[in-house]
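You will see chain A twice below: alongside chain B first, and alongside chain C after that.
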Partner chain A sequence: MPPAASAPAAALLCGEVRTHLLPVHQALDIRTAAQFLGLRADERVLLSERPNLYARSPDTLTGVDCPLPTADGARTRAVGTVAARAALTEGRVLQSSAHVTLPAAGPDRRRPWGEYLVRPGVAEPVGKLPPDAVADGVLGGGRPGDLDLGAIADGLLTRLLRHPLIDHRPPLRSRPTRLRWAALPAAPDEEPSLEFTLAEDHLRTVRLRVPEGTPAAEVAGLCDDLALHDWLLTTVVRLFDGIRPDTPAVLAALRPAVDHLLHLWMPRARVTGDLAPLWDELETRPGFTRQWETLVRRIRDQLALHAIPSPHREAELTP
Partner chain B sequence: MLVFAASDKGGTGRSVTSANLAYQRALNGDHVAYVDFDFGSPTAAAVFDVPDAVRGTRERGLHSYLEGRATEPAVIDVWRRTENPVLRAWPNQSGRLVLFPGDAGGGEFATDEEALERCVDLLLRLNAEFDVIMVDLSAGRSYAVDMVLAATAHPRMRHVRSRWLVFHRWTRQHVIAASGLVHDEHGILDSGVARGHDGDALRGSIRFVRAAVPDPDSALWSRVSPAQAAWMQSTDEALRRLAAEYAIGDSVVLGVVPLEPILQWREQMITEEDVLATQIANKETLKALEEIARKLTDDTCWGRP
Partner chain C sequence: MTGAVFRETAADPRTQAVPLSHLSLEIGHLYLEDFEAGPAQLRRHFAQVRPWAEAARATAAAGPDGRRPRISTCFLVDDYFTRFSSPAELVPMLLAEADRAGLVIDYLARESSCAVTGGTPVAEAVAGRIVESPPPGSYGPRPPAAETGWLANGERSPVARAPQAMQRAAAWQPPAETAARRHSVFLDAELWSEDPGGRRLWSCPFLAAVWQLARLGLLRAAGEPVLVPRAHTGGPFPDDWDDLPALIRLNPRADPFAAYRTCSVLPSRFLPVEHAVRVILDQTEVDRAALDQVADRSARERTPVPASVADRISYVFYAGP
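Our next item is the complex of A and B:
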């Protein structure tokens, strides 16, 4: 898509990501993934096999003309389009995400639609944008009728889950997560930064400061990656819920994680340039990879324990 | 596993009993969703004691979701939002217990193709997330019953297991009505087959629950006169024969919930606390609920009898 020459600088980028286990018995291979994510005939699915299997749909656009969520209740309308896309990692984890770029100001009246369509993924405020209030509003969730990026991401997910390739036989039960993000431009003398919060009900929020001019798609890529790894952690931690350790039930509960999830950990696989250092912050606190490694060790220990038949138990079985 | 809770008549104990079954499963570590498809009178919130959704939610209830007015239905985390103090102190090893409430002021509505697709979307998503999904259906041959019969016959749902509980009270009228709901022309079996279900498989996935059954041998009736006792005994036996004659005899009964004074006064969860600590509930009631909850996933209790 041609970059719009007249695009004013973005005052706020925001988005929401939904992360799901793809409900199929067998992970999709790269060819099937391409078929699955081919949302548009005119654009190809992005495919990559290194460092892991990854497929991403072309962007779909949703036209919007609605109030923006604001923390202080101020009413700002925005008109334009929201970009949404879906990505599949190792044919197993499906993410759908929507994002939008909001410039600092727009004309006082709505323009003809054609003028919005030349700048996909941009919604112009009618008048001036209060970026901080909208960032808070997006992260906190809006009122009914406000711009709802989660609903757009979810709509795409629903559409994909109706695809005939999906047999709805997930190898394990898991809970989807949602991650909302808002990125404001960093001041010239300010370092990029990232603040990750676990909010209620499997909702995560990420507040970022990014170098001025960072494209929304790049921030969305970072947030997809964050969401994927947070989902992996959450899902695997939950496998231990409700099972008593050191019982054979542990085997049945943990086995699917070994078969389907443990190989998916690969932070920063697709995070580019300026934003890559933001991951490092998460590695020190809360220490994503450290947590993951501890979990993996715990799983391996449990499996090892139960894979070795206890001589005591065998003795009991012989009459 | 999907579990549909149906009844021919209203006021049979369908909602209260199925909510208690959901609670029992969650206590045992399952992740459980309770879905209020009783569009006429969504009341599950009252049973779970979640006041902010007692009369359904204002917007984003299941009704709004199915009609496409809400992208995602509202969800209530019962453990966190309930005002029942025993439920609030839920034990560590329990699973999630969430309620998908109906809409406030909803009513029965005709379902079109798109509502059906959305129903399938929802059930599939829940099935990927929860171990047990308990669906409370409006009484009688309602749109809700029709919709889930169509949904479970949908090709996208071919790998999803579902079972039916048909609730009825222990009277002549209720026995006949419950049998009719399943076996009569246009009953669940008939409509199910018309929607593409295999008749035998569907029949094997339906069990009956007798609710609020007075047990003549219970201490509750220990003070009745010998004449009354004899009458109760013989009526109970006559009802058993009637049930068998109407093809809803013991072989297809998943459980019997005794008449429980607490539940006659108040729609609520029966907890261990009520039986052991305060002793306001009968232990037989709790035992019956635990037993039915266990049998929901015990394959030996299902299939063609």
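Our next item is the complex of A and C:
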């Protein structure tokens, strides 16, 4: 049977994204980005210049044969491959993400390895998959030895940050964020839905219901986009931490945001048809773009205030 | 209704397809020692191959619709590990000896082209596609595939640390084949070695695995086919191997070089090498678009192809050195 035809319907898609400021002084241009993300000698880096500069590495696979995390502690073994890729937005924000498609059921024993490799990014359960328990397990984090998508995303990030193009001179302070997601197929009469949770320690979780048959790569694309914009909000909010508005330190703290971050806001830049409406929900509540616009105004106001010499301060300086 | 279409070619990569036969039949693999043994050795080889080549043809002919199967033959000459003779001397002799046994060599390839072809680092690209078979318990964090230059079909025996004085040495633990049926046949293959300057010398099994992928039409570089046959223009063959195309079509009426399946007729001394080839192919993720193209075409021709790439290759090992 041809491999394309034998691909089973997904009962659960899940993934994890790391979002990181690329630690370089100068943002990479599109050609350098292609060089940076060339994980494979024989496969192109995907490059796109509209509506913003975006480069994405080819997928790399990691073989797994381990228990899946489950909320109720039930043991379900899965065998197959996890797909991981890295993306760079405007040569400045690096994301590494890992995702896997889990079918509803698999054979009772492990097959020859070559049969898994012709269906990249799919891990088959040995026996039946409890999709809801595994979705909860993935979002909540598993026990040691359970499938660890975050470790796979981390491994790719570590590999990329060793690249000679990286000078480890970031222009501003920031912390990486982690976003875990799990997508279950929506029932035929059910609308796609999304539940975004800010957890502690820079962890975010996203639980989705997506139209049946939605490819994992599309959901991963949506979650990369959510992670990117959540990271931008988190990073810019933190820039205001601990600075007094009436001191020149404001300039030093906020100027890099103008140079490196403010032009990156572009929700849904590469989110495809069926999933795009899910973003709209987040725009209504909590209002990602509303918060961003407020932050941008605040930064501009601060910079404008400091550009005008304060008569009050002049009076103070005059003896 | 109005519609606007915006497209970026760099954001929408294409993969070129290659023509495909039903079977790629390899009728020999020539090394220096075979050449040094003289034309009589080649004559014996082709005489041994002949009946098996016919058997392979007969098996392929039993297709579903009774149509003539497309079969191409190929021959590989080593110019990578040792350089010997010249195309001008060797190729006419090879063709004459094959002809004497009633065999036709459709395509001739140089082994070095499995390492690098026209500036494309083919072997390095394939090495970057190795996805090691995970032993049970592999949950994610793993060292990048094949960083050591070795690839096994299971878990290696744990390395015993140098025992300190007075400390009892750790008990030996056996290696384990991941797909073992009760007992293991463990194989650990060296993919490359490095010279003091850090230059990689690819191993014979690794280049043979690349050769199999080329014959299966599954090699691409940035979407372009690798090892595309060039027609022989009819003149004399060059004096230097580098002047001979990487893959040359000697028979103008030959069926396509690449095929759904391969069969190689080789002397039995190649058995360990070819076992390693299977272990490598079983852990190589080939170009997905190329794989889909083969799947689509074979489905349309009602010629089922095994899902696993390693299952698409077969061998006949004849007795002899």
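The definition used in the following text is that the second predicted complex is superposed on the first by the 307 of 319 C-alpha atoms of A that agree within 3 Å, B and C clash if a C-alpha of one lies under 4 Å from a C-alpha of the other, contacts with A are read in each partner's own complex, and residues count from 1 in each chain.
Keep this in mind: contacts are C-beta pairs under 8 Å (C-beta built on N, C-alpha and C of every residue); 3 or more make two chains touch, one makes a residue touch a chain.
Everything numeric here is computed off the predicted structure, so don't read it as measured data.
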Combined model on chain A: chain C and chain B, fit or clash: fit
Partner chain in contact with A:A41 - chain B first, chain C second, else both or neither: second
Contacts of A:D65 with chain B and chain C, given as first, second, both or neither: second
Which superposed partner A:P176 touches (first chain B, second chain C, both, neither): first
First, second, both or neither for A:R75, with chain B first and chain C second: neither
Which of chain B and chain C A:V118 touches, first, second, both or neither: second
Per-residue contact with chain A, leading partner among chain C and chain B: C
Partner chain in contact with A:D148 - chain B first, chain C second, else both or neither: both
Partner chain(s) touched by A:R50 [first = chain B, second = chain C, both, neither]: second
Superposed model, angle subtended at chain A by chain C and chain B (C-alpha, nearest 10 degrees): 100
Touching partner for A:R285 - first (chain B), second (chain C), both, neither: neither
Nearest Cα pair across chain B and chain C, whole Å: 7
Contact residues of chain A, present in both the chain B and the chain C interface: 148, 150-151, 154-155
Interfacial residue positions of chain A with respect to chain B in the complex: 20-21, 23, 144, 148, 150-151, 154-155, 158, 161-162, 166-170, 173-176, 201, 241-244
Chain A partner contacts - residues on chain B that touch it in the complex: 29-31, 59-60, 71-72, 75, 77, 93-95, 117, 121, 124-125, 127-131, 156-160
Chain A - residues contacting chain C, complex: 1-6, 39-44, 46-50, 61-67, 77, 79, 81-82, 110, 112-115, 117-118, 120, 145-152, 154-155, 159
Parts of chain C lying in touch with chain A, wherever the complex brings them together: 6, 8, 10-11, 13, 120-122, 124-126, 128-129, 131-142, 144, 178-179, 219-223, 226, 281-288, 291-292, 295-296, 298-299, 304-305, 307-311
